[in-house]
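Following this line, the structures themselves.
Shared between the two complexes below is chain A, which pairs with chain B and chain C, respectively.
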Partner chain A sequence: MSTTAIQPVPFGRRVKRFMADRPLIPLIILLIILVVILQILRPGIVNERWIANTIKFAIPLAILAGCQTMTMLTGGIDLSVGTVATMSAFIMATQVVNQDPAVAFLLAMMPAVLIGLVNGIGVGVFRVHPLIMTLGTSLIGTGCLQVYQRTVIASGAKIPDFLAWLGTGVTFGFPNALLLFVPLAALIVFTLSRTGFGRLLYAVGDNERATRLSGVQYWQVITALYVISSVLAGITGLLYIGLIKAPSLSLAEPLVLPSVAAAVIGGTSIFGGRGGYTGTIIGALILTVLTTLLTILQMPEGARRILFGLIVLFVTAAYLRIVEER
Partner chain B sequence: MSHLLRRQGWVAGLFALLVALFIITKLIQPGYGSGDFGSLARAVLPYAFAVAAQTVVVIAGGIDLSVAAMMALTSVTAASMMNGASEEYALFVVPFVLAMGFVLGAVNGILIVVTRVPDIVVTLATLFVLQGAALLVLDAPGGAVAEWLKGLISGTVPIPGLPDTIDAWLPKALLVLVICLCVIWIPLRRSKLGLSIYAIGSSELAAFRSGVPVARTRIIAYALSGLFAAFGGLALTMSTGIGAPIPGPYLLASVAAVVLGGVALGGGKGGLLGPIVAVFVLRLVRTDLTLLAIDPNVTAIIEGAIMVAVVMFGAFITMRGRQS
Partner chain C sequence: MTTNPLLDATGVAKNYGAVAALRNASLSVLPGEVHALMGANGAGKSTLVKILTGAIRADAGRILIRGEARDVRSPAAARRAGLLPVYQEPSLIPDLDVLSNLRLTGTPVEPFRAWVRELGIPDLDIRDTARDIPLAVLRVLDLARALAVEPDVLLLDEMTAALPANLAEKVLEVVRRQGDSGRAVIFISHRFVEISALCDRATVLRDGETVGVVDIVPGVEERIVELMLGARIVKTHVAARTASQNAATSASRPRLGVRNLRVGTKLNDVSFDLADGEVAGVVALEGQGQDELFAALAGSIRPSGGTIEVDGRPVKFSHPIDAIRAGLAYVPGDRAEALAMQRSVRENIALPFSAALRNWGPIHMRQERAKVVSAIERLRIDTRAQGEVQRLSGGNQQKVTIARWIAADARTILCFDPTRGIDVGTKQEIYKLLRELAGHGKSVLFYTSELEEVQRVCDRVIVIFGGRVVDIFPVEEADEPALMRAAYGLPRGAKADVGILADPTSNSPDSTKPGATP
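The block that comes next holds the complex of A and B.
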């Protein structure tokens, strides 16, 4: 430290260090730049309604990205969130026709818990790579959903009024979905930074061996984590069906890749041990604004995927450089 | 020596399993004949190439998540280039697509070596990119394929001097598979490069200290994986007659078959024969489920469950091996 105090630190290095210390500020700057570009391209687009709409669409993405953030903190990833969200949404929409909403809710959350449990056991006990494990369970889940669809094809589907209100409603300019999201986000941030479980997630991701040697039951932490992640994904599905209002077998699938990208942009290291949820929320907002921008520029879906892939790669490489610099 | 025995023992066991499955198939469906075997071989073709692509990289100590996306991209490229073109034009398309796979695979390897980001993240990112590129080439299933390419994998190989009954059990698809894999794999296995691939998978540090060019070998391993994936994409186009931009279930299938085929996910161990036999085993299980008149969607669930179980088992074995 003493040598750097004498010699002037190069500007680039100072910027890098600043970004490493306060990752949120460059993210917010990026978000503002994107909004400004949007305003220049389509003057007048940025108004109260647009902001409410953007937040509405960013919330499901932000919750799913929360699943990725928590699993990535342990060095994992959860690619089954899209399938889980789709399953719970589809089951809710079809079961609510004949059942009490509370029963339908419980039925809708069942596959979420089950898939989370299988993921957790596979990753925690059998040590399968999380990516492969969650990809596998998502394939099985999609298969189950297709079989299930046959059995309910006659009964039709409907969206419960409450979910539609929560998903699309706006009160005093604020989307109702914030009623769900704000407590949820506060809970995630609190869990990650203030509770023992949150600290265990960081510890496992930082140095798994050391954590295990200090007496932590690795498989219990991982199993709990993947169950929580799946339940969050299930809740997202219910919120998303209220927003989209058209149950389909690939409802939440397009959110999976952006959710990974949002967590990575938000500063969570895909290698584990570094990151937090606040950055992820801003990452989700950035991606939602970026999607609007790409839609205005009439970029096709393929180009959007390419862009997401490149973002994940470059941001990860950049973080790696910053960490090595220190 | 015991190691060699054990490895060959694994492959032999797989062969025994395959034979047992054939017997079961014959019991379920007494009419199962050469024609059905031909369609099995055709169905196996894209899977087998996907598995070959994964095997090379896994032996080199890595993993390639972009296999299925690479197949989708090469498949749509081939299908859209051949759409409305002459038969002869396909003679140019095939090497072009193969070269594309090779180069894109090499890009994967270069990105891993240059950025030093773990292979699993890099190939996840290229999975997004290749998928997007495939959608840009064709946004819906379509395109066409030259007739001679279709003919290359349908029907049987006529061998003079052999009775038709034996002839019928030699589908062209199987021959194409064996030739394509052998032409690349056998020279590779016997060359210094092949040895280097095994060496970096076994222990990167030891390989580096013995003078193996680790970076170059890794790039070549990924390039070969891209080449095999391009073969897979072509096989996909050849058997369906079109190109589809959405990747099939080849990623998980390739990992499962690699594990079932006795290639350790840690790298440095195993060969190509085991995974290829494993693909036949997995496909034949599917055939049996279909013959038992099980709902195809349920079949998909069972198949997925088998693959997950195999991968879990493989990870468990790797973990045990590391501990001992």
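The block that comes next holds the complex of A and C.
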């Protein structure tokens, strides 16, 4: 058989095949290269504190990118994650002033569940395109938040101590946020690879008609998916407010597009059916390191953004070339 | 040979990852010949065709067109070199009318019209949107579009598959004349009747290699089958069915009862029973409502009238899950409709397991593996490329769509033309499997566009014409002429001269059976 036909294969092709079988390797290599460049530009910057800091900032991005990964697997996208995260963070920070933290938490998660449900029903039942649906709910959510802000303007806001501890604290050199992230990431990876729900996400994104013929009810999968995505976004908001410590009406908005980029760089296809969460995590790390790198280059903001965009495009294109076969 | 070949490909190889789709394929086509390209499933026919037409690039090999080495990098380049394919899937853009489709490829309109008339469609309006044109006609239009630009080498992939007999007849006639005019046709088909009537020579592929080039002479079928199958497949007929299998079940309540079923305008009045342990064949010409019948039984569309009874109880399906819960599993004819192409064989087979909400939790991997492996073994699926279903050959893909329901242990399987466009070896396996299922008390409703399959597989035949059941008769009476007459809505036993209907059967039906021995 062809596998036993051992003949000298050119080195380049052998490397390519190796990478194609293990799509994580090129990503890890890229991450290491970026860190090395950083170390060369600023000798000594890469130390324990820097690593802890990078991880701290990468985690909220990685969780939101998890939302994108899961929705993108079905051929969708969730642009409302930024608004949902902002809402939960803002509500938490304002409600905790007068309420028990547990009650504040429940109040904070309510809009997340609601928006997720609306997204899911819109996409799953009424077949609105996810891009439009989540963009729409995102705008509605932002509007509601502005109205809400007026009602709490007098009471002020505070960041609960445990969120600050979770967001910024470091124990034995490890950021506390890992306590939340590691189980969460493990759960997502497990869900995607070893549960019926995860299987359905891939299958629905690959061929919806085939899943229908196999008895899968699309709206159930999609509704559950967008609720989960929104809840994850809500949790991210709580973590993020602990990290940033300054509630605002556009707190997590800047994370939305990078979260899509992280999932794409991590190898998840925007057309559905292909990808995974481990790649996305590394994608989020790459983007975070890249941001640091561009910051220390001391360029004007405009040039930095241009460079950021170019690098994201280049990395994605190169990665797809390496990993795709033929 | 004194004449130089129009197209000469040698040593063509192509690998997909670790799987060699082609290892050493060659094909030489002379001017003025109709050349058959044959091979069992996974032999590399499709890959070779894609390479010749520039859709993919070969890893090795040399392609000469009119003696010149040509690097066919794209379908456009192949077109310029005079090589034009007509694939199994219709290639007109559905949202454009026919005329715009012609403009898109720069096809001259008048020759196109002439060919369309020639091919037996007198009343085509080229302002019709392609989406509204029936599949069979679309395929003929594809052919006409290719003929209109007068290619040197025309490549036809299963051209007559899914064509009704009258259109197929015309198509074959035109193809034959194409050869007479000094051009060449590469003809891919699994139907020996057509090949023996049409082709001059045949190139046979097996496991990615050209294993023989034979002249088509009477009796060559045996030789071709031998070449195609190599030593792997023992030639067996489906064992003759014993009467006892049917007798045991006929007394009890039918598994599936369909009464006066209507769907839109296509299906008008269909009633029949399906018993446990029975394979009932459905025979119909293209577009007589069989698609709607299967879709309604599978829960994909709602009938507009009539009843469906399962085990004597009336049922209403609003989603395929309802049909699946009632034990009715649908295997569509189009494999692309049933498979998640980028996912593994295992995930595709296990797909129905996860469908219900209560099965969304952690998967019991060992249990699932056992079920999947036993289904794979039962159907003998070639799992060398099991990482992604799209890398499997068509026949193996079809097996996966059936394996899914074997693993799910469905009681009734609705097979819609499962053997379309797959090789003889796999067909035999599918026939055998369907009989086995019936032997285990399952029931099968089996639509086929190839009449000769009826006698191999079915116990009974249900003939549908114009959306109505026109006849139901036992398999003993279902020889090809009888089926053909019934399919055209003519009464059984009528000895009237049926003109064209008699023609396709005038070739001895025995020659179509690879296992027939003198």
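Quick note on the criterion: the second predicted complex is superposed on the first by the 278 of 326 C-alpha atoms of A that agree within 3 Å, B and C clash if a C-alpha of one lies under 4 Å from a C-alpha of the other, contacts with A are read in each partner's own complex, and residues count from 1 in each chain.
Criterion: contacts are C-beta pairs under 8 Å (C-beta built on N, C-alpha and C of every residue); 3 or more make two chains touch, one makes a residue touch a chain.
These figures come from a predicted structure and were not determined experimentally.
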| Thinking of the overlay built on chain A, is A:226 touched by chain B (first), by chain C (second), by both, or by neither? | neither
| request: Give one of first, second, both or neither to describe whether A:240 is in contact with chain B, with chain C, with both, or with none. | output: neither
| remark: Between chain B and chain C, more residues of chain A are touched by B
| task | Would you sort A:210 into first (chain B), second (chain C), both or neither based on which partner it touches? | result | second
| task | Would you sort A:105 into first (chain B), second (chain C), both or neither based on which partner it touches? | result | neither
| Touched partner set for A:273, first chain B, second chain C, both or neither | second
| field | First (chain B), second (chain C), both or neither touched by A:57 | value | neither
| message | Per the contact definition in the header, classify A:181: touching chain B only (first), chain C only (second), both, or neither. | response | neither
| task | Determine where on chain A the residues touched by chain B overlap those touched by chain C, and list them. | result | none
| field | chain A to chain B touching residues, read off their complex | value | 118, 122, 126-129, 131-133, 135-137, 139-140, 142-144, 146-147, 150, 257, 260, 270-271, 300-310, 312-313, 316-317, 320
| request: Going by the contact rule at the top, pick out the chain B residues touching chain A in the complex. | output: 63, 65, 111, 115-118, 120-122, 124-129, 131-137, 139, 245, 249, 251-252, 255, 265, 295, 297-298, 300-301, 304-305, 307-308, 311-313, 315-316, 318-319
| note | Listed in rising order, chain C residues that touch chain A in their complex are 15-20, 23, 56, 298, 300, 319-321, 324-325, 330, 332, 336-343, 347, 350-357, 359-363, 365, 384, 404
| remark: Seen from chain A, its contact residues with chain C in the complex are 1-3, 5, 17, 20, 190, 194-197, 199-200, 202-203, 206-207, 209-217, 220, 224, 273-274, 325-326
